[in-house]
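Once you scroll down, you'll see the structures, which are given as structure tokens.
Two complexes come next, and they have one chain in common, chain A, joined by chain B in the first and chain C in the second.
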Partner chain A sequence: MLVIGEKINTSRESIKKAVETKDSEFIRKVAREQKEGGAHYIDINCGTFIDNEPELMEWLVEEVQKEVDLPLCIDSPNPEAVRAGFEAHKNGKPMLNSISGEKERYDALAPLVKGYDCKVVLLTMDDTGIPTDAEKRFQVAKDVIADLKDGGVKEEDIYVDPLVQPISTDTTNGLSVLETIKKIHKEFDNVNTTCGLSNVSYGLPQRKLLNQTFMIMCMTEGLNGVILDPTDKKMMGLVTVSNSLLNKDPFCGQYLKAYRDGLLEI
Partner chain B sequence: MKRFNEKVMNGDAEGIKDLIQEELDKGTAPQRIINEGLIAPMDEIGEKWKTGDMFMPEVIMAAQTMKAGLEVVKPILGENMETKGVILMGTVAGDLHDIGKNLVKMLLESAGYEVIDAGVDVSTETFMKEIEKQKPNIVGLSALLTTTMKSMEETVRAINEKYDDIHTIIGGAPVDQAFADKIGAKGYASDAGGAIEICDKLISA
Partner chain C sequence: MLVIGEKINTSRESIKKAVETKDSEFIRKVAREQKEGGAHYIDINCGTFIDNEPELMEWLVEEVQKEVDLPLCIDSPNPEAVRAGFEAHKNGKPMLNSISGEKERYDALAPLVKGYDCKVVLLTMDDTGIPTDAEKRFQVAKDVIADLKDGGVKEEDIYVDPLVQPISTDTTNGLSVLETIKKIHKEFDNVNTTCGLSNVSYGLPQRKLLNQTFMIMCMTEGLNGVILDPTDKKMMGLVTVSNSLLNKDPFCGQYLKAYRDGLLEI
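Showing the complex of A and B:
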């Protein structure tokens, strides 16, 4: 289960402020805490700075790498920002978050994906919008996967994100994501899936409960990547527990290690 | 009219239709049924939503019920139906997200506005054409992506340049009051309840 730490995002007020004041100490602390929480990738998103995103992306990538040895997830639809992030990246294989079936976005970013040795998140939407059902989501993913593979991208580097939408506005939104995840893993041996969870609970109280439960349900269908807050001990505990229950933890080794490290909260 | 409240709040569309028929048979003015039986309960629900006593699915259910009632009264009034104003809405060019826009649209309708939906990925040119055709009092623009904030700016500036009497309002995850001020939008709200307040304020000004 690949855990991508979501906290370095300038849509969060504290990160926005740190970027504005070039507070590298703060950025490095947020990176370190996510690594300590168990993240495998650190997401970097400075998209709210629409005027100088590439320059800030480069700065963030450099600062974070001074602190942690984890690879980074370059989170932007802007090819210039992505290129700046990739160029500054030194910690192994970077990840691009994200491409989609939208033609303009795909045409701008696909050459970068094919040109760099990287992982890539693929959003299941195209120029007709975000599909409401699993079948359309799967079709969008299938077409883009075929094209990426033609360009030499390996299945194991592709992470399909089925775009979680709130159940508060349409109660079918949870199920269609679960069905998409299931179908992707059924049709492709090595393509991965990932998603952000918190959208599912938008507009409802006690959101954490919905996010937690939904993650477990997604993992049951095969989800093997997730973008979340790795400093959330409860959530990370549930990742470990689910892995063990799904036969992804030989001799319950990770479960028992987490227990001994005091990481399993009830 | 108090009985309408409970039916709207419980999502009882059939109950609403029966109540409306009852009132019509008694000779209650159709516009009064709309204002006091349908819009008033939605105002109350909006308040409860704001204070955290009600939640989005309940608000959507109520709005759909309110709308079912409105569909009964509307044909009777026809052209004579009063609305608070006409609002043109759309998600800006390059952006395909519509959940937020649709929600705001639904709530503005249930607050008594006539809302025309231009859809998603709406270019400045299309906005301008729709404005000519629909003559709205307010134009609401939605964006969910940081990359499409530029389209929003372009459209707002184009509208402001050509029309003095149309209010532009914006909303969506990446935008805030500071951005609204920067691009010259007349109003910003962080949620659908706020959008109603802004529209009420702009219309009555």
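Showing the complex of A and C:
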């Protein structure tokens, strides 16, 4: 299970302020805490700064890499910001978050994905929007995967994100995502899946309970990547618990270690 | 999701004592609390009383029905105790817990299942024991289902229990159960599944966390019955949350009601 830490995003007020004041200490602290929580990748998003996103992306990538030895997830639809992030990246293989089946976005970003040795998040949407049913989401992913593979991208570097939508607006929204994850893993031996979870609970009370439960459901269908807050002990504990129940933890070793470290909250 | 309340079982010390002293008040209280917690069936097990199980089963069934209007789950491998329970049963359709592919047990109990209008729990084991893999568990179930249907039993009255075993002794034990549940629902449109959960966590710390997570996983694969303690608010809350995410709760109505009633604990 690949955990992508979501916290360095300028849509969050504290990060926005830190970027504006070039508060390197704060950014590095947020990166360090995510690594300590168990993140494998650190997402970097400064998309709210439209005028100088590439320059700020470069700065963030450099600062974060001074603090942690993890690879980073360059989170932008702007090819210049992505290129700046990739060029500044040193810790292993960067990830692009994200491409989709939208023609303009794809045409702009696919050359970068094919040109760099990177991982990539693929959103299951195209120019008609986010399909409501799993079959169409799967088709969008399938077409893009075929083109990426033609361009030399390996299946294991692709992470399909089925785009979680709120069950409060349509109660089939959870099932569509679960079904898409299942289809991807059934059809492709080595393509990965990932998603952000919190959208599922939008508009409902006790959102954490829905997000936690939905993550377990997605993992049951094969989800092997997730974008979340790795400093959320409860959520990270549930990743460990789920791995153990799904036979991804030999001798329950990670489970027992997490217990000893006080990381399994009831 | 059919919830079977597990608490009236003489393997529990307080119930054993209440049966010995014919403490009708206590038994009725435990029945009432399970109904209030959301149980649809109340399980009755007095199997520790080998010498007079039929007589005690009759007494328990009568007492519980004085308190609650729920149907009961007659939990015994002893045909005489089952018959006594069925004969005393008045609240709708009783359930037998359980038959299996074990020849002696099946031959003794199948006539009762075929002769009464009842539901039945079918354990996926035969005279060779509990198969370790899902395919064999499924085959055991398939053979028994065929014979029950020949005898006039309807699919919708059958609840297959794939027999949860601890992941601490074999880390594939969780997956085997999930796979069996999936196969049953794929092969049979109307056969149900059920299981007890707590075995999965035997031998490990923080058992509740494993049991809760495993229930969510089983529901993701289609589990539509469960044997548990309905006074466990956290577990019952997770049933509600899971139903909502799996599109079994129109407009999230049950979810919102549970929230208003203070039944959704984080």
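Observations on the model:
Just so it is clear, the second predicted complex is superposed on the first by the 266 of 266 C-alpha atoms of A that agree within 3 Å, B and C clash if a C-alpha of one lies under 4 Å from a C-alpha of the other, contacts with A are read in each partner's own complex, and residues count from 1 in each chain.
Convention: a contact is a pair of C-beta atoms (placed from the backbone, for glycine too) under 8 Å apart; a residue touches a chain by one contact, two chains touch by 3 or more.
Quick caveat: nothing in here was measured; it's all calculated off a predicted structure.
Judged by the touch definition given at the top, the superposed model places A:169 against chain B, while chain C stays out of reach. Of the two partner chains, neither chain B nor chain C is touched by A:14.
In the superposed model, A:50 lies in contact with chain B only, and not with chain C. Greater residue coverage of chain A by touch, when chain B is weighed against chain C, goes to C. Shared-chain residue A:77: touches chain B; no touch with chain C.
In the superposition on chain A, contact of A:250 is made with chain C only, not with chain B. In the superposed model, A:129 makes contact with chain B only, not with chain C. Applying the stated contact rule after C-alpha superposition, one finds that A:205 touches each of chain B and chain C. Shared contact residues of chain A with chain B and chain C: 167-168, 171, 204-205. Across the complex, chain A is touched by residues 167-168, 171-172, 174-175, 178, 200, 204-206, 208-210, 213-214, 216-217, 220-221, 237-238, 241-242, 244-247, 249-252, 255-256, 259, 264-266 of chain C.
Put simply, chain A touches chain B in their complex at residues 11, 47-48, 50, 77-78, 102, 104, 125, 127-130, 165-169, 171, 202-205. The part of chain B that touches chain A in the complex is made up of residues 52, 55-57, 60, 94, 96-99, 102-103, 120-121, 145-147, 149-150, 173-174.
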